[in-house]
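Structures for review follow.
Both complexes below contain chain A, partnered by chain B and then by chain C.
And then the complex of A and B:
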């Protein structure tokens, strides 16, 4: 067992557990976006930042990927953490303002202004769909392609994947857009009217850049092509 | 693309326990790009998922999924070349070839690309065409570089090349001289570098007579070993932009004091080398 202090409260956890798990065990809330139980930690969104160490050596780390260490002092809601978290949310909101999940997170953290240009990205590269597909659906039909500015998610060669089992898991976990798969039952959509009045896939000319990798789509039965 | 060719490349590397990148590199050097079917075959035969192979192939800039031209023209935009107006040279290439960087001319003659540092900063701005270095390039030289490339940049090979003359060389990164007058080889100052192979590390002296195979080293290097060469001053790897015309191993690049670049094959015993002297209009 490893003993560490989170917000001055001592806690003992198994070796290999992450700071996020330790903090949640004690009941300290840490917001997450790219973390999901049952999927490997990935550390893409940085929303789960916490402050570790003391004095000039204090630094911010992503709690979902940082393993618990003996004697570590962790602060989950210091001024520095809150400032960083707000900034991350503001940036996420700018890149994907139509996402209900990001909107909710932003409002829960009182992010009320948004100083950056809105990009309306259809993907924030959180990697949830890729991990879902590989680790829970055992399909490995989609993955990351390219790097830097041109990094994107999709099937190899943008062709119909033979590995895809049409489970819809990828769309289900995607935080960038949740409305699209309510298409056959539009009233089930809870919110999002602010940005998405209809499923994005019917408004967009091309399906390619929608985060739906199923071909044919069995969720909505809209013919692709 | 021929299936059996790709299969034999894959099997060869698998037998050697090599990773995916070596396989893709060899396929690319064979076809100048990575054909879709070849990538699928790689995934199938190595038991990797197509997603992983495709991810690696699109991650590295040196891999191309589109057919490339006969001549590959790389303009360096690394920091040192950038401040010496590498960008303007890249634009001049774009203008004359009428393609954007990263594209291939419609006649499949040239592929233009920009790269971040070719490791010869002291000679910037650098342009490498088909493995040949052009140093201190300016916009006026662009036309003649392209003209020479069209004619074919001849490779100087030892079999036809009986010229023996001494060259004084320096590190392409830090420009320190690599000459060691205290230890002559072939009655001329030797070229001293650091060499690494199979976990062994130590000095190595080459003859400065161009084309001479004489060499001395701290450790005995078995024939056919591919050695990594480093500058003894700045410890940068002396890696050239091309592979050996004889055996395909990486080339070792050094600046020739008189101007230009000499490249020798990193494989012990192989005689492949190339020389680009900055004479005759360059």
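And then the complex of A and C:
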């Protein structure tokens, strides 16, 4: 067991556990976007940063990837942490304002406006879909390509992947959601083109049999009425 | 090539090579690194070979083709040994004259280097102001060896350090020696090398530790690692062999960026030769110590210089940093303990073993020992690679070695440490150059790039340039680094176009601090440095852009106008060069620029010999 202090509260955790797990065990809320139980931690969204160390050596680390260490002093909501989180949320709002998840997080942190040039991007490159596809669906159909501002997610060479079973897992986990599974053949994809964060079909019983190419995505709902 | 099977046979070979050498025979040394070749060294080599062969002088005059000698401004340069005569900027037609002079034992006065301050010619390389203040422990060896001849290296004392540690048979003493030397990693972060080795040596998992030579030098304007890789690959191989012996690693990887074809060629040859000599592979020199090296070429991502990304790249995965801990020294390549050192660090190892750690520690300052190579570039008279003891002031590097500003300009800052570094203003040039002082001043040592800027440089433009580089080279994993660099670029671009406001400037600063704070790897954590350090020392320039819509450096196109002042004598050179045909005027009378047509390309300013083109 490893003993550490989170917000001055001592806690003992198993070796190999992350700071995020330790903090959540104690009930300290830490917002996350790219973290999901059952998927490997990645540390892309940086929302879960916490402050460790003391004095001039204090620094921020992503709690979802940082392993718990003996004697570590962690602060999950210091001024420095909150400043970083607010700025990250502002950046997220500036890029992806349509996401309900991002809007909710922003409002919870009292970020009500953003000061950058407004963009409307479909993807925040959190990599949840990539990990979902690889680690839970055992498909590895999609992955990251490029770097820096040209980084994107998709299939190799943008060709239809033989590995993809159109399971829709990628859309299901997406916090910003759009077009993740559509790749080169939107008409054969599930919910292709949907800007809705939680497409209604996902909740339906017959979801597994669905091969939806209706336009707009919520067409199934409209017809029922 | 005979395979050496014992330490004695190595010493016998070295003795034989030394006995065969006649140091009195004059040798023409041609500097032919990538830079030398680009400025015409290949023509010199051809001319020299032709002359020596046709005049049957090959026994009386030797020719040595070496890697870079450091003085870029003077390339292609020729050095005559043992006299030490230095000829800068030699044209292919002048080679004949030089060979004739060498044959007669004379010096060609008219081709010598002329000191820009005194105006007098200087004959000897060591007396040229550029070389005088340098302590060239590593770079001077570039002149002594032909990088594709292992015997050249052995003859100059090469692999003696390896033979010595193998003969002593005590790995822990090697680690102690490196620790005593105080050598700190030359890649930029300055982690003590001896400590890293000690950590690696302590790792169990005996069969499968790795050593890596990080040759992924990506900073714009920095090329010291390239010149060592090209000019003296065996010194790095020797360093890694010693490291392998000291830490118990038996596999090594050279990670060299593919943009360095000559370095890769020379390394490949060097690896083949040392393997042929029995200095690499199984049972080295019959001591039972085995170590092998392979070469991995980087695919061009700047971020792969970061150690965890580099490891992933070697494993064949996408170059993307990961969380440390676990540190590479615990879990590196394929999960095995790995120590990664920079090219220059490895090249220092044989020096430390040969001279002793205590003697090495005497160079430089207390916590920053040894020498460091900087690539001195930018708005300065003598550009080139300079190797100086740690703790030397920036003033000495810029003014004494670099020869000061070009023309009438005034040097205003030095940018150190590449894109992740920062600017140091002229009023702080008394700062000693070492890891701690530079960090304190808001910059970093980095791998050793040093870009000199004068008053025609705009600091907003500099920050914008580096941010443009970083937004393309960030791996894109951390949202703050990827989006943060893009947004910082956006804000900087607005300021440089005169669209900035003071609120946006404070937003830029706020964002820069968060990017620095919350990114995972070294790239992201230092990505804000160009913005933060220029803001720290040159806030007035930002304010001038925002409040007065004026660019003090005359660089930001949207904020400047070109005009011709009364110094114009009407030569018409500018009008001929103007691509927009915006300059008009009659010959021998003052010309005028039509500001509507002017595209602000700056051609007129470059061609004007009378400083008559003004940018306000």
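The rule is simple: the second predicted complex is superposed on the first by the 177 of 225 C-alpha atoms of A that agree within 3 Å, B and C clash if a C-alpha of one lies under 4 Å from a C-alpha of the other, contacts with A are read in each partner's own complex, and residues count from 1 in each chain.
Following the convention adopted for this analysis, a residue touches a chain if its C-beta (ideal position, glycine included) is under 8 Å from a C-beta of that chain, and two chains touch if they have at least 3 such contacts.
Quantities reported herein were computed from a predicted structural model and do not represent experimental measurements.
Undergrad: Could you say whether A:163 touches chain B, chain C, both of them, or neither, answering first, second, both or neither?
TA: Touch partner of A:163: chain B, not chain C.
Undergrad: Just to be sure I read the superposition right, which of the two partners does A:141 touch: chain B = first, chain C = second, or both, or neither?
TA: first
Undergrad: Which chain makes contact with more of the residues of chain A, chain B or else chain C?
TA: Ranking chain B and chain C by residues of chain A touched puts C first.
Undergrad: Taking the superposition as given, does A:57 touch the first partner, chain B, the second, chain C, both, or neither?
TA: It touches nothing on chain B or chain C.
Undergrad: State whether A:110 touches chain B only (first), chain C only (second), both chains, or neither.
TA: Touch status of A:110: no partner.
Undergrad: According to the stated criteria, A:84 is in contact with first (chain B), second (chain C), both, or neither; which is it?
TA: In the superposition, A:84 touches chain C alone.
Undergrad: Just to be sure I follow: which residues of chain A are touched by chain B in one complex and then by chain C in the other one?
TA: In the superposed arrangement, which is not itself an observed complex, chain A uses residues 144, 146-147 for both chain B and chain C.
Undergrad: Under the touch definition given earlier, write down the residues of chain A that touch chain C in their complex.
TA: 42-46, 49, 59-62, 65-67, 69, 80, 83-84, 87-88, 91-92, 94-95, 115-117, 124-127, 144, 146-151
Undergrad: Which of the residues in chain B come into contact with chain A in the complex?
TA: 36, 39, 49-55, 58-59
Undergrad: In their complex, what parts of chain A are in touch with chain B?
TA: 140-147, 155-157, 161, 163
Undergrad: What residues on chain C touch chain A, complex-wise?
TA: Answer in residue numbers: 301, 303, 318-320, 322-323, 325-326, 470-480, 482-487, 490, 503-504, 507, 510-511, 513-514, 517-520.
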